[in-house]
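The block underneath contains the structure these notes are about, expressed in structure tokens.
Chains: A, B and C, in written order; residue numbering restarts at 1 for each.
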Amino acid sequence: MSKRIEVRDLNVYYSKFLAVEGVSLEIEPRSVTAFIGPSGCGKSTFLRTLNRMHEVIPGARVEGEVLIDGNNLYDADVDPVLVRRQVGMVFQRPNPFPTMSIKENVLAGVKLNNKRISKSDADALVEKSLQGANLWNEVKDRLDRPGSSLSGGQQQRLCIARAIAVSPEVILMDEPCSALDPISTLAIEDLIEELKQDYTIVIVTHNMQQASRVSDRTAFFNIAGTGKPGKLIEYDDTTTIFSNPSVKATEDYVSGRFG
Amino acid sequence: MTTATAQITAKQRPGDRVFSGSAVFAGSMILVTLAAVAGFLLIQSLPALVASNEDASILDSNFWAYVGPLVFGTVWAALLALVMALPISIGIALFISHYAPRRLASVLGYIVDLLAAVPSVVFGLWGIGVLAPAIQPLYSWLVDNMGWFPLFAGPVSGTGRTILTAAVVLAVMVLPIITAICREVFLQTPVLHEEAALALGATRWEMIRIAVLPFGRPGIISASVLGLGRALGETMAVAMVLSATGAVTFQLLTSVNPSTIAANIALSFPEAYGINVNVLIATGLILFVVTFAVNALARWIVSRRKEFSGAN
Amino acid sequence: MTTTLTPPELRPAASPIANSLTAGKLPQGAPWMMLGASLLVAAGVFGVVAAGNGSEFNWVGTLVVGAILYIVAIWLFSRIVEGSRRATDRFVTALVTGAFVLAMIPLVSLAITVVTFGLARFDAEFFTSSMRNVTGEGGGALHAIVGTLLMTGTAALISIPIGLMTSIYLVEYGRGRLAQGITFLVDVMTGIPSIVAGLFAYALFAIFWGPGTRTGIAGAVALTVLMIPVVVRSSEEMLKLVPNELREAAYALGVPKWLTIVKVVLPTAIAGITTGIMLAIARVIGETAPLLIAAGFTQSMNYNLFEGRMSSLPVFVYTQYANQGNPPEAYLDRAWAAALTLILIVMALNLIARLVARFFAPKLGR
């Protein structure tokens, strides 16, 4: 249940503005890849092109190829809705559906697609997903409470449970811990470590310690100046990036000299 | 997905197509309705524009001589209402946004909104049954003591059903509209500006003068233009309160009063026949054009304000 | 905005020196005492006048004159004691508060009048009979109530789907020229005077069914023209309040756009949309002029929207007042009773709308 991602010479535009230029990289299955870089360097934008979420913003478009196990996401007859069922996403701020209970939130991906599911299957899926997100023990007695009744960290794990309930191949995380306190952050980081067994995980983070703790490979993005496109500067094993980077800018960034 | 790109054409599901199709259809219905309003009014108005008093019994000479005094009355009554309502509305809005305790603010706002919920026919009933008799002594006093002022020239109306009373009722009716918009604008004043003024040692009023009012000026202007538009088209309250003779006069307190387009239609339409109906519809078309122009002005002011504040 | 810090324990100062932080200040209760005194003086003046010529005591006059006295007094005293800047501040405070009180006068007066005059005929007969064959006393407004419900209901049935779908189009789909055009035209429609909507409906039906056609459906069409823009505006506001994050969360789960709207966006906004729709109904249910023009009035029951004239409550109020027979009191009493009924309906709709907004709105957190 995990797939290899290959990106070939990808440009991302917002209308006429070139936001990310010429990114090529490969992401191995069952690994954690971290994207780091200063604000506005296009790492989140690039992440969103991996499941075509960037199309939600009017005027956004890409040139180039994103291959998941060899299939181009941007082929003419590809349905973005189906892409997103295979490539799940967790957002910066926890966003459980406020009109739904905890249980309904986990089942949202199934139910919202008008799929019928038997009650026992549903219960099994809820338990499996919540256990997968390390949340089952905390919420098993109050599955019918609204999702917004949980704490921020719990809400974020609920969102992860919701994402894995549709059994994706890849999970994209866009700064999943930036709105959380350190304890909740630790819980999410532990969870990422476990999820790695089954999924390909790509995480955007501003926190370099976090990148070095959770990821196997790290990609450093940078931007030459305001109005210039973001570029992939260096992509290597996390240990290499943090101990012995080959590019000067990467070294400056990870050692805290700028950004 | 709404993005149209060179190399990707997002696949449309049947559900998506049906749903977005019906949304577009509904939006287009608005276009159709408005075109229909303008079109049908125009078709029905055409015979009136060229009619003379031989065709239509309510005309004295021709259509334009008939509609002129009505336009004057409409604009005059609405302006009077605005002059009375605007300062009070700004006061109420300031009271709710910056003077009343925070916890009370929403309740007070709701109370003012209650005024907007009262149907105009009830205002009419109140205006003629309560306001006109109550205010008549004041009119007598004004004519006796301030009759030298042209607007207050006599002889005083015995019933109190003058253009000023109608304007007071109109003012009460547009007050909640202007207040609501001003309140919203005042509440949006950047806290930073307010605190900057207070930190300079300003009193509350000085803070409002420095920070709140300049920020809210475009909002106040567009609110008053919207209120004006509402007052122009208001029908029943004027129809019931005003005892109109159709004269063109600025005197506020006499029994010789101009009528308004809307009130004139409401009063004359039920008994109208033949070309008279077309004449009345044509006056309605003119009212439509006038309110359209006023509302477009308000919208233009609002859109200009957006450019200034950079908020969207 | 103003945070008061408790100052640290002051070291014992050598000797109290002139404190530059204090200034002349009116004592705490002084404004209230001045207000009381001003009102008393005004009441005294009007009491003497009332006793002098035997007329009724003038409450409104007392309030207005008292307020003016207070404004002058507070300004004078504050100017003497506190200086001109504080005086201006107090003057404006008094003015602003006075504006609010002034606006309350018509509201209170209206409420008292409608209730006192309206209760005279607020009886069972009023709600169970029409005006058919009634001259003078008796009779009721059942035909008008039925007409109001039928026409407003029909208008709601047409305008809610169109208005809601239009707002969905504007918020979720609308880009470019068409959306801009529709936004502009909705604004224009909001400003259509109600009587023009009535004329439109009349003209429409006159062209297809001959001049003089006045039916319930024409009234409903007139109300629809007035109701659609209100529904569009309020629903649009509510849909815009739904955080984009929820839409993205649904898209990221592989949910198609239309299902996202139906199952995530609409349920989140439904309380606000309901509130907006009820306020829109409350607004058109009191419309008089368009119904007078397009639906006319009648004395009898009429359940058929497509045949014959149809009365409505606001038009009933107007016709009872305008065509007074003998004795006139009977007609005026019926007008006030209908006005009371109308106000109660409108207030109930407003109240329910606010309650829906308060209790059914989802907690968005944050």
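Definition applied: a residue touches a chain if its C-beta (ideal position, glycine included) is under 8 Å from a C-beta of that chain, and two chains touch if they have at least 3 such contacts.
Worth saying up front: this structure is predicted, and the values here are computed from it rather than measured.
Listed here as common contacts of chain A and chain B: C. Comparing chain pairs A-C and B-C by the number of C-beta pairs in contact, the larger count belongs to B-C. Distance from the centre of chain A peaks at B, each centre being the average of the chain's Cα atoms.
Taking the mean of each chain's C-alpha atoms as its centre, the chain lying closest to the overall protein C-alpha centroid is C.
Taking the mean of the C-alpha atoms as each chain's centre, chain A and chain B sit 53 Å apart. Centre-to-centre separation between chain A and chain C, using Cα means, comes to 48 Å. If you average the Cα atoms of chain B and of chain C, the two centres end up 14 Å apart.
Taken residue by residue, chain C touches two or more other chains at 175, 256, 259, whereas all remaining positions touch fewer.
Along chain A, residues 56, 58, 81 each make contact with two or more other chains.
Contact of a single residue of chain B with at least two other chains is seen at positions 1-2, 13. Every residue of chain C that touches chain B in the complex is listed here, in rising order: 1-2, 60, 85-86, 88-89, 92-93, 95-100, 102-104, 106-107, 109-110, 113-114, 117, 161-166, 168-170, 172-175, 178-179, 181-182, 184-197, 199-200, 202-204, 206-207, 211-212, 225, 228-229, 232, 256-259, 261-262, 282-283, 285-289, 292-293, 296-297, 314-315, 317-318, 321-322, 332, 335-336, 339, 342-343, 346-347, 350, 354.
Contacts from chain C toward chain A in the complex involve residues 175, 243-256, 259-260, 263-264, 267-268, 362-366.
Residues of chain B touching chain C in their complex: 1-2, 13, 15-16, 18-20, 22-31, 33-34, 36-37, 40-41, 43-44, 87-92, 94-96, 99-100, 108, 110-112, 114-115, 117-126, 128-131, 134, 172, 175, 179, 191, 194-195, 198, 203-206, 208, 226, 229, 232-236, 239-240, 262, 265-266, 269-270, 273, 277, 280-281, 284-285, 287-288, 291-292, 294-296, 299. By the touch rule above, chain A contacts chain C in their complex via residues 51, 53, 56, 58, 81-86, 88-89, 91, 93, 95, 97-99, 108-109, 111-114, 146, 148, 159, 162-163, 166.
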